[in-house]
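Once you scroll down, you'll see the structures, which are given as C-alpha cells.
There are two complexes below, and they share subunit A, which is joined by subunit B in the first and by subunit C in the second.
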Partner chain A sequence: MVNVEAILQGDRRALAQLLTLVENDDPRGAEALDQLFPHTGKAHLVGITGSPGTGKSSLANQLAKVYRKPGDGSAPRRVAVVAVDPSSPFTGGAILGDRVRMRDLSGDPGVFIRSMASRGALGGIARATAAVVQVLDAAGYEMILIETVGAGQTEVDIAKLAHTTIVVEAPGLGDDIQAIKAGILEIADILVVNKADLPGAENTMRALRASLELAHPVRHLDSLKAGHAGSMKTTDISQAEDDLWLPPILLTESPRAVGIVEVTQAIARHADYLHRSGEWEQREQNRLRSELDALIQAQLVARWRNSVPPSAYDQALEALYNHQISPQQAAGNLVKEQ
Partner chain B sequence: MVNVEAILQGDRRALAQLLTLVENDDPRGAEALDQLFPHTGKAHLVGITGSPGTGKSSLANQLAKVYRKPGDGSAPRRVAVVAVDPSSPFTGGAILGDRVRMRDLSGDPGVFIRSMASRGALGGIARATAAVVQVLDAAGYEMILIETVGAGQTEVDIAKLAHTTIVVEAPGLGDDIQAIKAGILEIADILVVNKADLPGAENTMRALRASLELAHPVRHLDSLKAGHAGSMKTTDISQAEDDLWLPPILLTESPRAVGIVEVTQAIARHADYLHRSGEWEQREQNRLRSELDALIQAQLVARWRNSVPPSAYDQALEALYNHQISPQQAAGNLVKEQ
Partner chain C sequence: MAERKIRVLVAKPGLDGHDRGAKVIARALRDAGMEVIYTGLRQTPEMVAEAALDEDVDVVGLSILSGAHMALVPKIMDLLREKGLNKVHVFVGGIIPENDVAELLKCGVNAVYGPGTPTTQVVEDIQVAVLGVHA
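Up next, the complex of A and B:
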C-alpha cells in the first residue's frame, strides 16, 4: 500500500518509490495515482526536446537553477526534471552522463530529478511519462521539465503532454534540415539556439526563422479558424502578439548561464498567453482525452487477451502464416471469439 | 466491387484504384485484399530509409533501373516503389519533387510508383503501408522498394515490414550523431554512403564503421544465442560471413549511377542469407504477427466504440476534466460499459 499522504506532504522517498511502481505498471502504482489524481492540474509542464549534442540537459539544469533562485524577487518554485530516452539502449549512457551535470541541484529539496528509460511496448513510454508527470504534479512540483531526445513520433507524443514545448537547436548539427524533416517546428512554442557562442549560430537562427516563415501560413490559418482573424499585422514571427503566439527564437549558452532568464520569461509569457486564450484548458483536455483513449485501448486488448484462448490465437496465426486467410480476416475471427 | 482478377493480370488502373481504396480504409479495399492475400508472399521487400538530403529517392530510382535492365544477363524484375512520408504536411512537397526525378521510369509497365502521405491516426500509416505492399506483392511486383524519410518510430515500424533495410547516409549531414541518436543502425542490413563524391564521405564512412563496431557485440551475442557460435573470426564488420550477416557499407553516387549494381548484389546476398538462415520466414512471420496484433487492437476499439453510447464517453471525459476521477478509472468504467 502506497503512502499517498506522505507524497502529498513532500516525502521524497515515498515519491521515488511510487514513481518506480508507476513506471513498472504495478497495480499499486495505478491505485495510488487514482487517489492522487484530484491533486493534479496545478503544474506548468514544459517539454524540452532536441537532438543529442544541443545541450538540452544543461539548459534544463540552468532553468531549474533560475526557478530556485529567481533574480526578480519572486518566490522560488519547486522544480521536477523528467528525462525520457525512448531510443536505443546505446544512448542510455548519454542520459546518465547528463544527470552527472545536474549534480549541483541534487542537494536542493525543491528539485526532483528522474530519468526514464525506454522499456517494452510502443506507446508505453509516453503513457508511463504521463503517469510520472501526474504524480509529480500532485506532489507539488510547480514546474515540470520533461526532457526528450530527438524528434520521432514518441517525442511528439511526449511533447503533447506539455503546456509549453521548447525545441533546442545548436549550431553545426545540420539543424535546418533536421528541423524541417521532423516537423518538429510545428510543436515548438519556444525555440532556443543553445551554444550560441559556437560558429554558425547565426546560420542556425536564420534557418529556423526561414522554417518558421514556411510554417507561418498554417499557424495563421489556425488562428483564423479559432476566431482570431485580422490581428496578424506583419510577418515578424520572432515575437508573440496579443492574441496569437508566434514562437520566439532565443539564444543561450547554457554552461555559462547566458540567456536563461530570458527563456524563463518566455515560458512565463507563454503561460499567460495560454491562460488568456483558453488554450491552457484546451491543451489539458486534449492531453487527458488522449490519455483516456490510450488507456481504453490498452484495457480492451488486455480484456480480450484474457478471454480468448491462446490456442485460438495460435491457430489463426498458423492460417495466416500459410496465407490461407488475410490478416484482416484473422483479426475479425479472433475478435469475434471474445 | 474491385476487379481482383484484373489486378492479378497486371491491370495498372485497377491496381491504382484499389490502392486508393486500401489507403482510405475503404471496406471494398479490405475485401479485395482478403481475396488477394493468398497471392502474396513472393516479393522481396526492401526498405530504404535515411534523412532528407541523402538522395534516397535517387538511389531507389537507380536501383529500379538496374532491376529493369540487369547487366548480368538475368531476367528483368518487376519493381514497385512505395514512398512513405509520415512526417509533417510541410514535407509533402519534397516527396512530390522526388517523384519528378523518377520520370524516366514512368513509361515502363514493369515499374509502379506510389507516394503515400501521412493521414490521421498514429500507426495508421504503417498499417496502410503494409496493406499497400501486400496488394503490390499480389499484383506480381517482385522487388518492392519502400522509401521512408527520417528515423522516428514510424520509420522503424515501416522498416519492420521489409526483408532488407537499407540505411542511406550522405556526407556533411552530421550523420554520425544522427545514426547513433536514432538507433537506426540497429535496423540496417545494408549501409549506403550516397553522394560519395562530396567531401567528407570518408568521415561518414568512418563514423558508420565506428557505430557498427559499437553495435557489434550485441549482434555477435545475438548470433551466439541463435546457435551460430564460434564463426566470428575477426572484427571485420564490412562484409557478410557465412552464417552471420554483418551490414556492408557501400559507397554510391546515385545521380551518376556509381555503385548501384553493387547495392543490388548486396540485396541479393542478403536475400540468400535470409533464406539460408531461416530468417526470411522468421521476418515474414513477425511481420504478419505484428499486423495481426495491430488489426485486433483496431477492431476491438471500433467494436467498443459502436457499442458504448457517446454520452457515456462524454460524461467520463467531463469527470476527468474536473479531476473527479483518474484516467485509469475513467477508462475502466468505459470499458465495463461494453
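Up next, the complex of A and C:
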C-alpha cells in the first residue's frame, strides 16, 4: 500500500517511488492514483515542445527559475518538470539527458525534476506522462512543465495534456513553407523563438507571423521592429482579444535569460484567457475524456486477452496465413470467442 | 504490468572534465535496455543524491578521473544513506588506485571499475544486482 498521506505531506521519497509505480503500470500505483485524484486539478500544466536542439530544456530551466524567484512581488510557486526523451526502438533503453540543462534548479526544495523515457509512445510524451503529472499535481506542484521528446511535426499529444502549449523554434531551421506545414505549429498557444542571438531570428519570426496571419486572415498583426542594442519588441496582440487567443511570438535567449519573464507573462495571460473563455474547463474535460477512453480500451483488450486461449489465436493466425479467412473474419471470430 | 526498466544515474562529481568514459558507459547501458539519467559534469555530492532520490534510480554510476574520489565518494555514500537510498547499487569508474579500491568498497560502493573494464561486465553486474538474475 502506498502511503498517500505522506505524499500529500510532501514526502519526496514516497513521491519519487510512486512515480515509478505509476510509470510501470503497477496496480499499487493505480490504487494510489484513485486516492490522489480528488487532490488534482490545481496545477497549471505547460507543455514545451519543438524540434530537437531548439533549447526546450534550457527554457524550462529558466522558466522554473522565474517561478521560484518571481521578482515582481508575487509568491514563489512550486514547480515540477517532467522531461521526456526517446527510448531506442531497438534496445528499449534511453539516455535521459534533460537534467543536464537544469543544474540551476538543484537544491531547491520547491522544484522536482523527473526524467521519463518515451517507452515506444510516438506522440512526444510517454503513455504514463499524464498519470505522472496527476501525481505531481496532487503533491502540490503548482506549475508543471512538461518537456516533450524533441519532436518533429506530428508529435502533438502534449496538446491534449497541457493547458498551455509552448512551441519552441530556433533560427535557421527552415523557410516559409516549412512554417506553414500542418502539425506542431497548430498546437502552439505560445511560440518562442529561442537562440534569438543567432542570425536568421528575424526571418524565423517573420515566417511564423506569416503562418499565423494565414490562419487568422481577418486579424491585423502589428509589424515587428527589431530593437537596437538588445531591446526587442515582440508580436503580441492577444491582450486586445477577449474572445480569441492569438499565439504571441516571443524572442528569447535562454542562457542569458533574455525574454524569459515575458514568456511567463504570456503563460499567465493564457491561463486568464482559458478561465475567462471557459476553455480551461473544456480542455480539462477533453483531457479526462481522452484518458477514460484510453483506459477503457486498455482494460477491454486486457480482458479479451485473458478470455481467449492462445490456441484459438494461433489457429486464427494459421487460417489467416493460409488465406482461408480474411483478417476481418479472423478478428470477428476471435472477438466472438468470449 | 509493464516491463520493469532499470534506471541508472550516471554522474561526474567534482571538477573532472573528462566525460568520454561516462558517455561510453551511458551508451552501453542504453544499448542494454536501461534508462540512463545522464547528469553530466560538475555534480556536487548533494546534486547526485538529490537526483538519485527524485529519479528513484536503481543504480548510481560515478565517473572520476581527477583523483578526487576519496574526497567525493564517501560523502556521496553518506548522503545516499541519509536519504534512505540504501538499496541503490553504486559503481565507480575512472582512475582509482588499487589501494583506494578497498576503502571505497568499505564505504558502501558495490563495484569499482578501472580503465579497460568491458562494458558487458558493468551491464551484467547491474542486472544481477538489480534483477537478481543473469540476463
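What we mean here is this: the second predicted complex is superposed on the first by the 280 of 338 C-alpha atoms of A that agree within 3 Å, B and C clash if a C-alpha of one lies under 4 Å from a C-alpha of the other, contacts with A are read in each partner's own complex, and residues count from 1 in each chain.
Keep this in mind: a contact is a pair of C-beta atoms (placed from the backbone, for glycine too) under 8 Å apart; a residue touches a chain by one contact, two chains touch by 3 or more.
Just so we're clear, the structure is a prediction, and the values are computed from it rather than from any experiment.
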Partner chain(s) touched by A:312 [first = subunit B, second = subunit C, both, neither]: neither
Which of subunit B and subunit C A:326 touches, first, second, both or neither: first
Touching partner for A:19 - first (subunit B), second (subunit C), both, neither: second
Subunit B versus subunit C as contact partner of A:198, first or second or both or neither: neither
Touching partner for A:268 - first (subunit B), second (subunit C), both, neither: neither
Touching partner for A:210 - first (subunit B), second (subunit C), both, neither: neither
Common interface positions of subunit A, toward subunit B and toward subunit C: 87-88, 91
Contact footprint of subunit A on subunit C as seen in their complex: 1-5, 7, 26-27, 29-40, 42, 44, 46-47, 50-51, 53-56, 83-84
Contact set on subunit A toward subunit C in their complex: 12-13, 16-17, 19-20, 23-27, 87-88, 91-97, 99-100, 103, 106-107, 112-115, 117, 119
Parts of subunit B lying in touch with subunit A, wherever the complex brings them together: 30, 33-34, 37-38, 40-41, 51-53, 86-91, 122, 130, 149-155, 157, 172-174, 177-178, 180-183, 186, 214-215, 284-285, 288-289, 291-292, 295-301, 303-304, 316-317, 320-321, 323-332, 334-335
